[in-house]
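Each structure below is given as structure tokens.
Shared between the two complexes below is chain A, which pairs with chain B and chain C, respectively.
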Partner chain A sequence: MTSETIQPPKRSPRRRSFAPRYPGWLTAPSLIYYMIFFLGPLAILVVFSVATQAGFGSVSYTFSTSQFKALNDPLYIKVFRQTMLMAAGGTALTIAIGYPVAYWMSRYLTRYKTLALLLVIVPFWTSFLIRTYALKIILDPQGYLAHFVEWTGISSQFNVLYTGKAVAIGLAYNYLPLLILPVYASLERMDWKLVEAATDLGASPFKAFRQITLPLTLPGLITGALLVFIPMCGEYVIPQLLGGGQFAFVGTVIGSNFLGAQNWPFGSAMAIAFMVLLSIFVVIYIAFATREEQFGA
Partner chain B sequence: MPSAGTPRRSRHRFGKRMFTGWAVLVYLVLYLPIVVVVIFAFNQPTSVPQGASPCSVDPSRMGNVTVWNGGTTCWFHTALNDPTYVPAVKTSFWIAFRASLIATVLGTAAALSLARMKKRWRVPFDVLVYLTLVVPEIVIAVASLIFFVQAHNNLSIFPTLGESTILLGQIVFSASLVMLIVRARFVGMGSSLEEASFDLGGGPIATFRQVTLPRLLPAVIAGALLSFTFSFDDYVLPAFTNGTVNTWPIVVYSAVRFGVTPAVNALATVMLVVTVTLILITGLVLRRSGASDLTGAPPPTIP
Partner chain C sequence: MIEHDPKLNVLAPIEIRPRLDRLERLVRRSGGGRMTRAEALGLAGLALLAAAGCGGKTSTGGGGGASSSGAADPLAGKPIESNLVIYNWSQYDDPSTYKSFKTQNHVAIKETYYSSNDELLAKLQAGGTGYDIIVPSQNAVGELVQLGSLMKLDKALIPNASAVESSWVKTAYDPTGDYKVVKDFGVTMFFYNNTIVTEKPTTMKQFYDLLPKYGRVGRTNLMDGAEEVVPLALMALGYDPNTGDPAELDKAKNFLLSIRSGVTTIDSSNYINDASAGKIILGQGWNGDVRRIISARKKQGDITAVLPQDTSEKWADNWCIPATAPDPVAAHAWINHLCDPAVAVTEMEYHNYPIPIQAALDQTPAELKNDPLFNVPTSYTDHYKFILNPSQEIVNARTQIYTAFQSA
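This part shows the complex of A and B:
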């Protein structure tokens, strides 16, 4: 093989176009900052997770896996499972609500696309706690929605607040824009002529959607789904406020080990285990994000 | 386009109507909570003693304020004179202001350098940045709590839990946020104008000041505003690293958990007006920078 001959022809013309580079040391301040205030806390979290509790609020630095063993308890496994299931349910609800909206924006809007997108994001920029509190007013068993539901006879007793349903509603409400944006982006990249061709060739709109639109927007959909699923798993406020504190998420249990029970090593171990579990989903996300990039090019 | 048959066209119209109906419904639901907050800022307690102001009723005797009991505007006065509310808003504002300022400087500097860095150096940094965005906030919050307590116990230069620890913790996420936004814009800009400036004899500093920065500014401002709103609205991290300091989200959270009065709604309404103004400014800035540059970037993960 004459591998030497297959080389870029002339190198001198490339030299002339030189992209101005900013010096590497500009990254130094943020790198140092991340080292101290991000990696530092995570490192000390790992140290605490293998430490043991020595009396109330004090810790002896050891290397013990006892905290992790204590996690292997039906009680905590149930919390992990419940969190994953709630986040999965919340994600499914968000997709069911958000996908048609993104589809509508991309397919039927022309002039007002940006405005429609902006209107999805605007409520997202008002206080998250206040919005969640408003959901509490709306879902109140003595509130107007409850009266309305009982009046229509859909349900004789409207008891949604402080149940899993309220938590799912709160999750879907607060994460909706994070799903709509990537799905919309992938719908925008799609060539609608393909759908037109399919219907011209006799496919029903539903079949055209299933065989063309859905597969082509699947990377965006999966990106969006994981983008909402991962933070939903780590949600702390929504289960506390809408679940009434009785609806435990991994995040709320970790938090209570620091604020209430003062068992820092156990809370740390739980946080580490949680991060390991989530990193599986993050890896899937990165795989799809890179695929999406290639696909979009 | 070939003439579509009447049944198909009507089916298309039907589909359009269905989707539009659904979208309108979703928009209504999205804005309903905000409308509810504003309306209930004018609500009265269930029963007001004869001759007393509706806002002088003790919170424990307020009754059910989630149904409409009649209107009053006195909550705005109560909220603005509350001994905890306004100071908490001020604290949150100053923390968010400083956090976004520092995060913007850190993030912009890194974004400039990263965008054209060799892959070998860039990728590890990218991983670190994405990690700061992906790690659940509750994990960072408890980790920061341990870190700041231990750091202060061992090194006296580290502050005790309070305003500074909230600030130091929030900058991590905010800097990553700014970095993503500024970088998306910077990469989208291309380097031809900078090259031209260099060719015409502009030095690196002149080029940055006269060519790069003016074009980058909308993204920098957008990043700063986004990180400001994140910090201002953030509950989880401050809840663990606040020590005894009250921020506005902490005040709202305890009010929501332990009995809320319409005064919270009133102050929220005041702030809504301020926020909407801020959003309008951001919108104008984004429009100038070309919003499409931003929607192409991965959306920031805001909890």
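This part shows the complex of A and C:
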């Protein structure tokens, strides 16, 4: 009957708090899965990379940095460099194709936006290998595209398959959606009134793009670029199929050491070293991803 | 178990007892049971007389007691299992072979496939068991013997294997001939488009020397993999393909790098289709594949195939039984079945690679047995060499050279 009894129940402040409502151990199954199937293989790789070889396909578990020292060879440094250059070329091509597509989807489409988005993702539903084989047919020097190019006179000899160009085209094609989606998202979130204001104040359309649209979508663009660059570096199938086996990507060399030479320690060391190198790019990616979260339009 | 019949022990030596036991089971089964051992073996004897290549052992002096076989022959007298698990290259055996084996032995066959020796070795080294039959190439056999992963074959259970030509029994990769029966063999050769390539190369060295010139004109192809590229180059330079001499390996590396600009593709799996479509003007190939390319280009007639004069690679795929095989008796029966000349003939017509059993080769159609690309004359194969994996160091050195070659 006193005033205390009318006070609201004590539960209410708890309801408003941001503290999690369920005990943390409920995520244990997911964490265990992650540890066994994600961190586990990584740990095995690290153990292998400091082991030494003891005959075919077997290793003796020691601690030796000899594998990493063997990596410091002009040959493997060249392979690393070539891989990153090819991936950079592929990324540049992906941006050149992907950015305009994302821009067009976001700025020009209204009714068919979802359909366009779907069409970008649809190729991802088919097997990666089959799509790469299909690309081989399109790029064939005796195929329809070659006949068309030669007919139009753009080039007298369409000889793209089994060259670096074919590898770059294959890389760009296979990873395009991974770039379009984040760029599209950042374009969608952009306030187009800013561009309108810029043109009202006398900026040319190009200047408005350069000074407003591009900086505002840059975090999305960088995110997308790294999202395609990193897996491109680890590519194994595309250089084999479209490059005719004459491009040694890091993935190719790791593969031939693991399978062909059964040299697991060296293959592991190469994988670890390349992972550390790529981590630098991942750090950049994370930096931009968080920045986008904070300042994204 | 089978009852002992003293009469038979007088007639035949003890060593062949397991063979007789098996024969009896076979005949009993196909005859629908209900016959004595003597009747069954008598019937088998008649069948044996008709079959080729089974003389030898059965006629050698007899005697011996009725006791069961010793430890040297652990599989003797054991009944055939009801399952057989084969781990094989895909589409490498005629479907009728499986059918006839199943009906004759009442064994259920399960088969899975791999696409390279690397895949097979990786699977076995990762602890893959449960296979009864595997089909490794010569280099993998050598390695598996070193690792102790193969079962010593019980030749008494594979009587048909005695018909395999002697030069293919004890081979460089299996000096005792105890661990494999050759399934089929082939060689690495080269071919060129005779409307474009005007020189007439006859050796592998001449083939390599033409690459820089024709790589600019059209597509050229080498067989892929460190175990092909490096040893083949060594052979072209006149060295042992399995050498570990750093100076020789270095020379091979420099030679490969000097012709690198003339190589358009390094590929062993797609070249048949591409060459059949006329896209390769100068390339290496395995003889069975080159036969297919030639027949695909029959109308144009623009492909010339060359078996290198001096030396090249010969290779063999082999029937082996892993040491861990759960159904070893059935596995031996399978190998024996495949060495049956009648089966070998249909096999050769199916996969187009020769099986070194003369009785079977003689029965193949004329277009096969008279074709040097199929029945490669021994005048060539005698000079050809097996590419092996002699040691891990050599394999590593080859892989490094191959990486340098690829990335050049």
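Keep this in mind: the second predicted complex is superposed on the first by the 275 of 297 C-alpha atoms of A that agree within 3 Å, B and C clash if a C-alpha of one lies under 4 Å from a C-alpha of the other, contacts with A are read in each partner's own complex, and residues count from 1 in each chain.
By our rule, a residue touches a chain if its C-beta (ideal position, glycine included) is under 8 Å from a C-beta of that chain, and two chains touch if they have at least 3 such contacts.
Here the structure is a predicted model, which is why all the values come from computation and not from measurement.
Peer 1: In the overlay, answer first, second, both or neither for which of chain B and chain C A:F158 touches.
Peer 2: In the superposition, A:F158 contacts neither chain B nor chain C.
Peer 1: Is A:F274 touching anything from chain B or chain C once the two structures are fitted on A? First, second, both or neither.
Peer 2: first
Peer 1: Scan A:Y22 for contacts with chain B and chain C and give back first, second, both or neither.
Peer 2: In the superposition, A:Y22 contacts chain B only.
Peer 1: For A:F128, decide between first (touching chain B), second (touching chain C), both and neither.
Peer 2: The answer is first: A:F128 touches chain B but not chain C.
Peer 1: Which partner chains sit in contact with A:F288 here, chain B, chain C, both or neither? Use first/second/both/neither.
Peer 2: neither
Peer 1: Once chain A of both complexes is superposed, is A:I44 in touch with chain B (first), chain C (second), both, or neither?
Peer 2: Only chain B; A:I44 stays clear of chain C.
Peer 1: A:Y99 in the overlay: touching chain B, chain C, both, or neither? Say first, second, both or neither.
Peer 2: After superposition on chain A, A:Y99 lies in contact with neither partner.
Peer 1: Comparing chain B against chain C, which has contacts with more of the residues in chain A?
Peer 2: The larger set of chain A residues in touch belongs to B.
Peer 1: Counting only touches as set out at the top, which of chain B and chain C does A:F266 meet: first, second, both, neither?
Peer 2: It touches chain C, and chain B stays clear.
Peer 1: Looking at A:F229 after the superposition, I want to know if it touches chain B, chain C, both of them or none. Which is it: first, second, both, neither?
Peer 2: It touches nothing on chain B or chain C.
Peer 1: Taking the two structures together, which residues of chain A meet both chain B and chain C?
Peer 2: In chain A, positions 142, 245, 258-259 sit in both the chain B and chain C interfaces.
Peer 1: Which part of chain B faces chain A closely enough to touch in the complex?
Peer 2: Touching chain A from chain B are residues 2, 8, 11, 15-16, 19-20, 22-23, 26-27, 29-34, 36-37, 40, 64, 66-67, 105-107, 109-110, 112-117, 121, 125, 128, 130-132, 134-147, 150-151, 168-169, 171-172, 175, 179, 191, 194-195, 198, 204, 207, 229, 233, 235-236, 239-240, 249, 252-253, 256-257, 260, 264-265, 268, 271-272, 275-276, 278-279, 283, 291, 295-296, 298-299, 301-303.
Peer 1: Could you please specify the touching residues of chain C with respect to chain A in the complex?
Peer 2: On the chain C side, the touching residues are 116, 118-119, 121-122, 125, 143, 146-147, 219, 221, 224-227, 263-267, 277, 279, 389, 392, 395-396, 398-400, 402-404, 406-407.
Peer 1: For chain A, which residues count as touching chain C in their complex?
Peer 2: Listed in rising order, the residues are 53, 55-58, 75-76, 78-79, 82, 141-142, 162, 244-248, 252-253, 256-263, 266.
Peer 1: Help me check something: in the complex, which residues belonging to chain A touch chain B?
Peer 2: So the residues of chain A in touch with chain B come to 17-27, 29-31, 33-34, 37-42, 44-45, 48, 97-98, 100-101, 103-105, 107-108, 114, 116-120, 122-138, 140, 142-144, 173, 176-178, 181-182, 184-185, 199-200, 205, 227, 230-231, 233-237, 240-241, 245, 251, 254-255, 258-259, 264, 267-268, 271, 274-275, 278, 282, 286, 289.
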